[in-house]
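Following this line, the structures themselves.
Next come two complexes, and both contain subunit A; in the first it sits with subunit B, in the second with subunit C.
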Partner chain A sequence: MAGVTVAIVGAGVTGLACAAELGRDAVVVDRIPVCGGVLGFDHDATRRLEEAARTAGAALHLGETAITWDGAELVAMGQDGVRRIRADALVIAAGARPRNRAELRIDGDRPHGVVSATVACHLAETGVVVGRRPAIVGDGDWARRADAELRHAGAEPIRVRGRALAVRGTTRVAELVCDDGVVACDAVVLAHGLVPLRNVDGAVVDGVRTVYAQPCPDRGAIATAEEEGRRAAGAALAIMRAT
Partner chain B sequence: MRVRSPIGDLPFRVTGIRRDGRELVILGELGAWRSEVRVGAGDVKAVAQLAVDGVRKRLTR
Partner chain C sequence: MRTYDVVIVGGGVVGCAIARRLSLTRATVALLEAASDVGEGASKGNSGIATCGAETTPGTLESELILASAHGWEALCAALDTPFERIGTLSLALTADEEARLPHMLAEAKANGVAAEIVSGAEARRLEPLVTPDVRAALHVPGDGIIDPIRLTVGYAELAARNGADIRRSTRVTGAQRDGDRVTVLDTTAGPVGARFVVNAAGVEADTVAALAGGAELSSWPRHGQAWLLDRELGRHFAKSVGGIPDEVTRGVYVTPTTNRSVLVGPTARNHDDRDDRRTDAETLDAIMERGRRLVPSIAPERAIKVFAANRPAGDPVYRVERDATIANLVHAAAIRSTGVSSSPAVAELVRALLEEAGAPVGEDRPDATLALLPLPRLLGHPHPEALVAVDPRYGQVICACEQVTAAEIAAAFAMRVPPRTLDAVRKRTRATGGRCQGAFCQAGVSFLCSAYGGMRPEEVWPA
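This part shows the complex of A and B:
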C-alpha cells in the first residue's frame, strides 16, 4: 500500500469526484459492488466520474465494507477478507439518510408502521408495501422516490406538507397529527431532511485526519455532490501536506 | 445481464460455465463480487413449468 495516502469511504458521486481529483493518492472503498451510490451504476454521472477516477489512477475496492479508522489505518472487509489501508487522511463520502422520528421530534404513540423512506423504498422494490395509505413526511428526493415506489407497489400514499407533530394508533398507525391538520393513514414514511451516514467506527466525530464530504440538501443535486467531493480532496491534501 | 435487488440494480457479467455433477454452474461477476449461479434439474423443470403456465394464461385470456 506504499504511496496510498487518502482513503475514501463511498463510491457515489462525491467519493468518485474526490478520487478523480486525488488520482493515484486515493483508495476508494464501498460496501456495494458497483459505483454510483443512490444514483446507480449506469447513471451518466456515475460512468463519467468512475472513468475519471480510474483514469487518474485511483484504486477502487468495491464490495468491501469500511469497518474502523484509527487515524492512520482504515480496515475494510470484503469477499477476500480484511484489507488494511494505511492513509494520511480519511474522506467520508458515505451519503446521507432521512431524519428519524426522534430527530424530527414526532411525539405520540409507538405503533407499528413508522419507517424511514429508505426502508419503505427497499420493501416496495421487493413488492412489500408498508401500508395501503401511508403518509409521507417531507418533500425532498426521498419523499418523491417513496411516493413513486409505493404507488408502483400498489399503495395510495398521502404527501404531508405540514410539520408532523404526533403519531396516533395502538398496534398500528391510525393518524398523523400535523400542524395543519390530522391525516388518516396506516403507516408513516419519514422522508424529511437528511443527515450524514457515519458508520465507520472511529470516524463518527470530527477528527484531525478525517474529512466529511456529505452534502445534505434535501433536494440533492449531482453538481453539489461533485463540488463537495472536490472540496474534500482539497481538505485531504491540506492534511497530507501538514503530516 | 442485470439483477434487481434491495441494494439497487447490479450488473451480472458471465465469465464462465462448468458442470458440477448434475448441476450447471454459471460463473460471473455481480459488480465486483465473484458470483455463481447453480442450476439443477429441478430449476430447469420449474422454469419450464412457469413458461408453460405463462403461455396457457395468455391463450385463455
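This part shows the complex of A and C:
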C-alpha cells in the first residue's frame, strides 16, 4: 500500500481527528462498521470529523479488527479477509472500557450475572436484561447509560454508591457486599473507571513505533479527545521524521 | 430407560479421560455430569501444569500413574486438539534452607527415573531471565509441561462422544438401585439410567456418590485454591514454569505461563468442607501475589485479567483407584488430588483394567474407533491468517478481540458433539470473553452467535 505511513486503530473522535490531521498519510481501521466509537455514528462531531478525515485523503477501513503490529506492519481482519498495512508508525486510538472485575478487586463468589456495563447496555438495546434487579457499580457515563437502558428495558436497577467488595451467590448473583452495606440484587453491572482498550498484539504495552492516544474521557469531553488525536498525529510524524 | 455397559459418574478431567478410554472398546458408555458442562469443578481451576512426576513420592500409586502418563502427552494432546508445551519447571531456592532441600528433591526425581538437575542461580536466570536475582540455586525439571486443562477435558469428552459415548450433562445422580451386591440403576435428575458397571469419578463429590451406591466410605474433602491470571502481554516473555520449594503442606505458589500465554500465579491450598465455596478474598490473593513476586518480581496485580478459585479433591489416602470392597460392579477413581490432569491418561487405563477384571466388556479395542479429533485452526498466533480466511471466511470476523477468537471458531464449538450451552462453555472451548477485557467488548456479540449457531434463545443465554 504505497504512501501509507501512519496506521490508526480506532475511528472514534480521537482516531478521526488524528487522521484528519495526517490526511493522505493515514489509514484508519475500526472493528465496528461505522465511525464514531462510543459516541455513535450519528453524532455531529463524528460526522464532522469523518468528513474532515475523508476530505484530507485518509483511508478508512471499517468493520476490520487490527490484531497484530510488529513495528512495520499492521494486520487487520475483516469480512473481506486479511489486510496488511505497511506503516512507519501506529496510533492506538481504541478508546476505553470500564474496569473488569479483577481490576476492581471485587472478590467473593463467581456466579453468573457479573457483566460489564458495555455488555448490559448492548443487550438492553436488543431487549435482553441481564437481571431484574441489577446493581450498577460506578458513577460515570457508563453507569448512567446502563441505568437508563436497563430501566427502559424493564429492569429495576440499583445504583451502588459505596465501594463494591464482594459478590455473594452460588449459581446466580444474590447480593453485592459494599463498604457501606449489602445490596440484594440478581446481577452486577461493572461501570466503574475507564481503562484504555488495547488489543493489538505487539502494541498492548510499549509497542515499537507506537503512539497511544487514549484520553479516556467521559462522553462530554469531545474537545479533549480531538486534541489528543491531533497530538498523536504530531507524535506519529515525529517518529516518521526520526526514521 | 437405556442400560449401558459402563456408566461414569463425574465429568471432570478424570471422568472424561475414562470415557475416552472406554469409548475405544466395545462397551456402551454413558457419562453423567451434574453441571451444565464437563470440566466445571477442579478441572477448570487448576494451574495447567502437566508434571512429569519428578516430585511425587516414589512407589506410590500417584507417582506410578503420573510417570506412566508423562511420555504420552505430545501424542495425546495432538489427538485431542489440546495445547501442550514441554517447557520445563524451575523450582527456586531463595534461602540457604531451601537450597539445602534441593539435593533431596533431586534424589526423589532420580528415584522416579525423571531427568532433573540442580542449577546455579546464574544458570537459573539464564534459563528464565524473569526470575528474581535473589535465586541461589534451582531444581530444573525439563520434562514438565504446560497444558490447557479445560481443552484436555473437553477433548476427552468430545472424542468419547465421537465414539458413541453418551455425555449427559445437567444430570445429577440422586440415588442408586441395587440387586444384591450390584448397582443396577442410577437415579438422576434427568431420569433413571441403567448400568452394568459404574465408575465413581465424582471429584469432590466422590464420597457422596460412593455412599449413594452403598459402597465403601471414602474419606475425601475439598481443598480450596485461589489464583490470579495476568495478561498475555506478560506471559509471552516466559520460557519456564517457575515455582518455589515445596513444604510439608503444599507445592506452593507457581508463576507459570498458560498455553495461551496468560500468566497464572497460584494456587493456594486450604482444606475446608464447603464444596460450593469458590470464593476469592483480597487477603489471600495479596499474599499469593507477594509470594509470586518473590519468584518473578516483574509480575504485578495491575495486569490482572481475572482471579478465580476452585476446589480440588483431597483425601486420606489419596488416589483411591480401585474396585469397591462390597459393590461388585463399582470402580472408584476417587481422591485424585491436584495432580489429576497429569495422571488422567494412566488413571483411565487403570480403570479400564479394573473394569475388565470385574467382568465388563472392555478388554478389546474396536478397530473402527476414532482415535483423534480434527484439529481446529485458531487465529491467535497463526502465522498465515490468509490461509484460514481462504478455507472459511468467518475467520475474518474477529468476535473476541482480546483473544482473537473468530466467528469460525465459535461456529466450530457449536458443531461439536459436546457443544456449549452457556457463555462460559463457549469461553472454555474458544477463549472468547476470557481475555483482558473479560467480555466487555464481545460478550454481547458472543451471545448473539450462541443464538445464530447454537439455536439458543436470548433468555437461555441470559437466564433471568
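The rule we apply is simple: the second predicted complex is superposed on the first by the 238 of 243 C-alpha atoms of A that agree within 3 Å, B and C clash if a C-alpha of one lies under 4 Å from a C-alpha of the other, contacts with A are read in each partner's own complex, and residues count from 1 in each chain.
Criterion: a contact is a pair of C-beta atoms (placed from the backbone, for glycine too) under 8 Å apart; a residue touches a chain by one contact, two chains touch by 3 or more.
In this text, all values refer to a predicted model and were calculated from it rather than measured experimentally.
S.K.: Between subunit B and subunit C, point out the one touching more subunit A residues.
M.R.: After superposition, C is the partner touching more of subunit A.
S.K.: A:199 in the overlay: touching subunit B, subunit C, both, or neither? Say first, second, both or neither.
M.R.: In the superposition, A:199 contacts subunit C only.
S.K.: Quick one: is A:128 in contact with subunit B, with subunit C, with both, or with neither? Answer first, second, both or neither.
M.R.: second
S.K.: If we overlay the two complexes on their shared chain A, which of subunit B and subunit C does A:79 touch? Say first, second, both or neither.
M.R.: A:79: touches subunit B and subunit C.
S.K.: Between subunit B (first) and subunit C (second), which, if any, makes contact with A:103: first, second, both or neither?
M.R.: In the superposition, A:103 contacts subunit C only.
S.K.: I'd like to know which partner A:170 touches here: subunit B for first, subunit C for second, both or neither.
M.R.: second
S.K.: Go through the superposed model and pick first if A:112 touches only subunit B, second if only subunit C, both, or neither.
M.R.: second
S.K.: Show me the subunit A residues, by the header's touch rule, that subunit B contacts in one structure and subunit C contacts in the other.
M.R.: In the superposed arrangement, which is not itself an observed complex, subunit A uses residues 79, 122, 126 for both subunit B and subunit C.
S.K.: Provide the residue numbers of subunit A that touch subunit B in the complex, in ascending order.
M.R.: 32-34, 36, 40-42, 61-63, 79, 122, 125-126
S.K.: Could you please specify the touching residues of subunit B with respect to subunit A in the complex?
M.R.: It is residues 4, 6-11, 30-34 of subunit B that touch subunit A.
S.K.: In the complex formed with subunit A, which residues of subunit C make contact?
M.R.: Those residues of subunit C that touch subunit A are 228-229, 231-233, 276-282, 285, 304-309, 379, 385-386, 389, 393, 395-398, 401-402, 404, 406, 422, 424, 435-441, 443-444, 447, 458-459, 461-464.
S.K.: Across the complex, what residues on subunit A touch subunit C?
M.R.: Of all residues in subunit A, those touching subunit C are 31, 65, 67, 75, 77-82, 97-98, 100-103, 105, 107-110, 112, 115-116, 118-119, 122-123, 126-132, 165-166, 170, 186, 190, 197-199, 201, 204-205.
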